[in-house]
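The two complexes that follow have chain A in common; it is paired with chain B in the first and with chain C in the second.
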Partner chain A sequence: MASQPKLLKMNKQEKVDFGFCMSILIPIMLLFAFIRFIPIIQTFVISFFKKSMIRPGQSFIGLENYIYVLTDTEFIRSLKNTFLITVFSMSLSVLGGLFLASVVNSGRKLMKLWQALLFLPVIVSLVPSTLMWKMLFDYNIGVINQIFNVFGIQSINWINNESLVTVPIIVVSVWKEMGYNMMIFYVGLKAISRELYESAALDGVNHWQRLRYITIPQLKPITLFVCVMAMIKFVKVFTQAITMTSGSQSSGNTFKTLVYYIYQQGFSLHSMGRASAAAMVLLLIILLLTALQMRLSKED
Partner chain B sequence: MSTASKHKFTLFDIVCLVIFFILLIITLFPLYFMLITAFKTPAEINQVPVTIFPHEIYMGNFSKIFHDEFFLRYFLNSVISSVIITVVSVIGSALAGYVFAKFKFPLKSVFFYAILATIMVPFESFVVPLYTFVRNLHGVNTYFGLVIPSIISSFGIFFMKQNMEQIPDALVEAAKIDGAGNWKILRTIIMPLSVSSLSVLSILLFLTAWSDYLWPLIIATSQKMFVLEIGLTLLQDEYFTDYGQMMAGCAVALVPALILFIFFRRHIMEGIAMSGIKG
Partner chain C sequence: MKKLLNFVVILSLAVSFVFAGGSGEESSEDGVVLTLWGSSQTMVDFYEETVIPAFLEAYPQVADVEVLYMPIEDFVQRLAVVLPAGEVPDIMEIEDSWATPYVTAGYFEPNTPELNAIVDQMLPSLKTCLTYDGQVWGVPIAPFHELFFWNLDMLAEAGYTEIPDTWDEVVEAAVKMTQRDATGKITRSGFSMRLGGNPSGTAQKFWVLGLLPNGVNWYEESATEPGKYHAGFDNEGGYNALKTYIDLLYKYQVDDFASLKDTEAFANGKTAINMREASSSSSIIEQGPDINWTTSPMPKGPVERSTFLISLNFYVPVDGKHKDLAREFIKFATTEEMYEIQVAERAGFNPYIGADRTKGLDERLVPAFTDPEDLVYHSVPVHSAYDTAQIRIGEALPNIFADKTLLDNPEGIKAAIHNLAEIFNDAYKEFDEYAE
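What follows is the complex of A and B.
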């Protein structure tokens, strides 16, 4: 309504431009409505209904789905698993990425080549990555158990045990994320002015002091940012978990994560209401992390 | 202290380099081991201790995969859906990016922030209603169903807007004075100047589409419509995993990404780092 007078005041060129913009934006916004806005709102609404994926009909049940989900031991376990993976994968991949970036940034010979090779896992998709590591962690023929055997440690059945399978899942996640974090830190390190280092060199500062008093403080904002980005990614962990525990060896052992729980409630148990309530929990966590990230980037 | 830092290698440097190369080996070893396992005979794969160099180059795993009636189909499905997603979403991003970068109109910021806000909402959180929507359109087990959720990219629109804003307004104004219409300006000025950002975006969106897992898992229930990522996990069953075949499959799945990486390494690495920092 408010735009009506403005539209009338437009000259001919402005009207043509407006028509052009709308002819592009209206189809795009419609598509967004159907594949983003409406499903997002529906998730919120359905989380208050008892609604089946396969049978028609629905009934309003208030907070019952939330109560069911939040008191479900399976859900609590999936939250715990997700938390474990997020914390370990984030800290290891951020530390590793920071370390690799600082070595790559030293400008030694062949560093460009090593950097490209270190980046490779980022472009490898998750399923092949997980399957590769699954083979390395195999009970019978896996390289990792064989290395353990050399040191006199008995073979460990990594995949078959619900708590042990966390290890290969974290390893895959770190393996895939480290190169990505390396690139972001690398860009950040490049941005630190050379003059800072040069004047420090004149003062006879050693490597450790340089790291402690220049690099780390200068990189603090970007480090916080990378941590939150990694957390947002790992809270959604699913592919690694389902691939690592599917098929042989796992003997029905499933490693539930938050997204796995949503998937199972929705597509195996056909309960749209419970799946939506769990999805709202995921959404809430991600939005909190995003708000944190925005606050951090405003402080810069 | 000052004499130590003048040396080429201090103890600190050496420790760093050793850790660095250990991490490099950990990064590359799984890829190397996947490749050699794909060329090992089943007997050699199950041999203990493992062999780090294969005794002979065995092509059986690859020939088994390529004679599997479904495997080629999975590959084809991945190619078809990823290419459709890339082409359509890049075109949409370019058009919307142009509109947001170079025009002023009522409600512009409302539209833009509505799109931007969807970047933050994880796909996993609204996948259930989205599935029922696509199912009602008879999208289960169709290419339409496979591509529809990714056919438009809010990140892509944001990315193209940022890049097209760098194109000087004076160029656009000059063309307008010469009587060029908006479509002509888009075709003759904006597009040619956006080639590099368009190619970075295409590669990023292709790689994302290629590695998509959750959506293809739920929308394709018939084996004929499975994509490669799903197909690979089917090469293992409850009692036995044929690692040779599986690793050969993984190697094949890596080929498109690897080709892109070899030719556009710098673009991909900078593009991904930049998109992380900006987005």
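What follows is the complex of A and C.
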């Protein structure tokens, strides 16, 4: 005999509670659908059309926008740049966050103050903080080049060089993200039972073994969460790139990321169809990378 | 009591909300507030310090003119959002090539006869890049032309007492003024080349330094279908233009990708020659007060001595709220007297026919404003595809410049130029403006 649906099994009070929860959740879910899913569906539809933002009308062109985007050297270049930033920023911000969380969790004096200071970059707006870093890396007045000069190293043209500008962009990305990762890891470290460490101490386990066999496995779900979130953020990197390179007289190509490419297709080149196709490709990349990370985590 | 208090609070909020929504920006007591968006910081200073105070005095019905400045990249991309949405200021100051897609799409008002009368008194090439479909759209407010900045100390070190005048002489001087360290790395470029950055700028520099002196332009009108175009540089002129760049980089080695570029390089004594518009002189004076410099007109190229004359123009959006007053402001800001002040304040270009363009100018800029008889001014066309074509070509050029194998490789250069022409033609095909 087929089991009854859960709703029918509920008693009167549970049904009232369920109804209450639904009455609160449904408007939020509808709002979420309106501001999230409908634009995604619209973007998907537009990606099959030739459409400009500034001219009326559109025409169906099938997969042409996707073919254009996937064979466009600028898109490939943007993809490479985004990949580079994502790999370095994610690795450094996750490792840095874990290290800082361990330090803050050590229980030494003034750690709460350090925690607050290290979290500060997270709450500072990205545009002014990128501008601040841009000044630090400036060829003429930047502190970083001035320190180099003290050691006899010539000033480096960080901002105006497509290859070198990745360094300040990664630095500002890591600086901004590390405090957030630290807080998440800190919560994770606090949640690990003290008894596990005490038992291990009784068994004569050293510091490295505690990290290897207790801390890292216990932090696995947190680490996965932090990596997925960081990856999604860095694949969408835009503000740092555009603010850092804005107005620069670079040699070679301007530094472009995937979101920058989408932005340019839509708002400079007026091709909303191509911008939408590139946005769908970006969505697919994020979904694939997230699925891959979760799969690897399960296999592990 | 509590319920009553809540009711009063909610009612007062609702009332204030309704009345706040109803209050416009132009109450009869306060007068009209005009809004102007611009992308040039020096022009914003000129408006705020010179034009607006005088305008407010002459037009008491206007309470204020609010100027919003945005860097050019932000400004151009914002246009794509605000113009279709109708959330526009009363006056927009935009460079002609950036404005073209919006002019052809009908987002701006054509000029009134009064505004046309102003444009008619200016150099004809400025009118050319404002004319579309038989009407004129916009009034030039900040024209600029390309010129050469020279570091006089470096020139003297190289044994020169006069400014080189032909392109061959420029190359020779640039070679002599280039300095390297023991490893051969350039420590001071002889000529600062635009090898990348903003794509439109990269394409623009290649146009004025490469194509125009070699007698060719980006586009050529179709002989069979007037009003449609194709690439005009897939020929000997285009070949010579690219060869000039490749030779400067790899044969004469007067610059490289790693060196500091443009005005920043010039103001820091890291380059001997820079090609730029006159308004960049303020940055040189600020960043490099000790630099001993002068200017010259563009040198005579293999085919012609050419420069471009491009302008920031005032446009009145179709959805603007105070179009008549906006036009009054435009008339006020573009008088010959205002231009004379602009020349003195920000090294502007006075476009009035017969005007003395050197009046009030920093004496170091005077040579570049004293036109040789053979100087030809070029302007940008009002084609819908032009801007897109410029961006795509500007994105492709850095990779071509970086290709060392093009040195002494005529077939490679021809192929690269042909690829650029294909990019150009594809953009024109997209806008249905292409014909063989």
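Here, the second predicted complex is superposed on the first by the 244 of 300 C-alpha atoms of A that agree within 3 Å, B and C clash if a C-alpha of one lies under 4 Å from a C-alpha of the other, contacts with A are read in each partner's own complex, and residues count from 1 in each chain.
One rule holds in what follows: contacts are C-beta pairs under 8 Å (C-beta built on N, C-alpha and C of every residue); 3 or more make two chains touch, one makes a residue touch a chain.
Worth saying up front: this structure is predicted, and the values here are computed from it rather than measured.
A.B. asks: With the two structures laid over each other on chain A, which partner does A:M178 touch: chain B (first), chain C (second), both, or neither?
C.D. replies: A:M178: touches chain B, not chain C.
A.B. asks: Which partner does A:G204 contact after superposing on A: first (chain B), second (chain C), both, neither?
C.D. replies: Touch partner of A:G204: chain B, not chain C.
A.B. asks: Just to be sure I read the superposition right, which of the two partners does A:F18 touch: chain B = first, chain C = second, or both, or neither?
C.D. replies: A:F18 sits against chain B, while chain C stays out of touch.
A.B. asks: Touch test for A:P121: chain B only (first), chain C only (second), both, or neither?
C.D. replies: first
A.B. asks: With both complexes superposed on chain A, which partner does A:T254 reach: first (chain B), second (chain C), both or neither?
C.D. replies: In the superposed model, A:T254 contacts chain C only, not chain B.
A.B. asks: Is A:M53 in contact with chain B, with chain C, with both, or with neither (first, second, both, neither)?
C.D. replies: both
A.B. asks: Quick check for you: in the superposed arrangement, does A:E162 touch first (chain B), second (chain C), both or neither?
C.D. replies: Touch status of A:E162: second partner only.
A.B. asks: With both structures placed on chain A, which of the two partners, chain B or chain C, ends up touching more residues of chain A?
C.D. replies: Counted on chain A, the partner with more touching residues turns out to be B.
A.B. asks: Just to be sure I read the superposition right, which of the two partners does A:S246 touch: chain B = first, chain C = second, or both, or neither?
C.D. replies: A:S246 contacts both chain B and chain C.
A.B. asks: Who does A:S268 touch here: chain B (first), chain C (second), both, or neither?
C.D. replies: second
A.B. asks: Hey, what residues of chain A end up touching chain B and chain C alike?
C.D. replies: On chain A, the overlap between the chain B and chain C contacts is residues 53, 140, 246-249, 251, 263, 266-267.
A.B. asks: Sort out for me which residues of chain B touch chain A in the complex.
C.D. replies: My answer: residues 1-2, 4-5, 10, 12-13, 16-17, 19-20, 23-24, 26-28, 30-31, 33-34, 37, 45-50, 92, 95-96, 98-99, 103, 105-107, 111, 114-115, 118, 120-122, 124-133, 148-149, 151-152, 154, 157, 176, 181-183, 207, 210-211, 213-214, 218, 229, 232-233, 236-241, 243, 246-247, 250, 253-254, 257-258, 260-261, 265, 268-270, 272-274, 276-277.
A.B. asks: Within the complex, which stretch of chain A touches chain B?
C.D. replies: Its residues touching chain B are 2-3, 6-7, 13, 16-18, 20-22, 24-25, 28-29, 31-32, 34-40, 42-43, 46, 53, 96, 99-100, 102-103, 114-129, 131-133, 135-136, 138, 140-141, 143, 146, 175, 178-180, 183-184, 186-187, 201, 204-208, 225, 229, 232, 236, 238-239, 243, 246-249, 251, 259, 262-263, 266-267, 272, 275-276, 279-280, 282-283, 286-287, 290.
A.B. asks: Contact residues on chain A for chain C in the complex?
C.D. replies: Listed in rising order, the residues of chain A that touch chain C are 53-55, 73-74, 139-140, 157, 160-162, 242, 246-254, 263-264, 266-270.
A.B. asks: In their complex, what parts of chain C are in touch with chain A?
C.D. replies: Where chain C meets chain A, its residues are 71-74, 76-77, 80-81, 83-84, 101-102, 105, 107, 194-199, 201, 256-264, 268, 287, 388, 391-392, 395, 398-399, 402.
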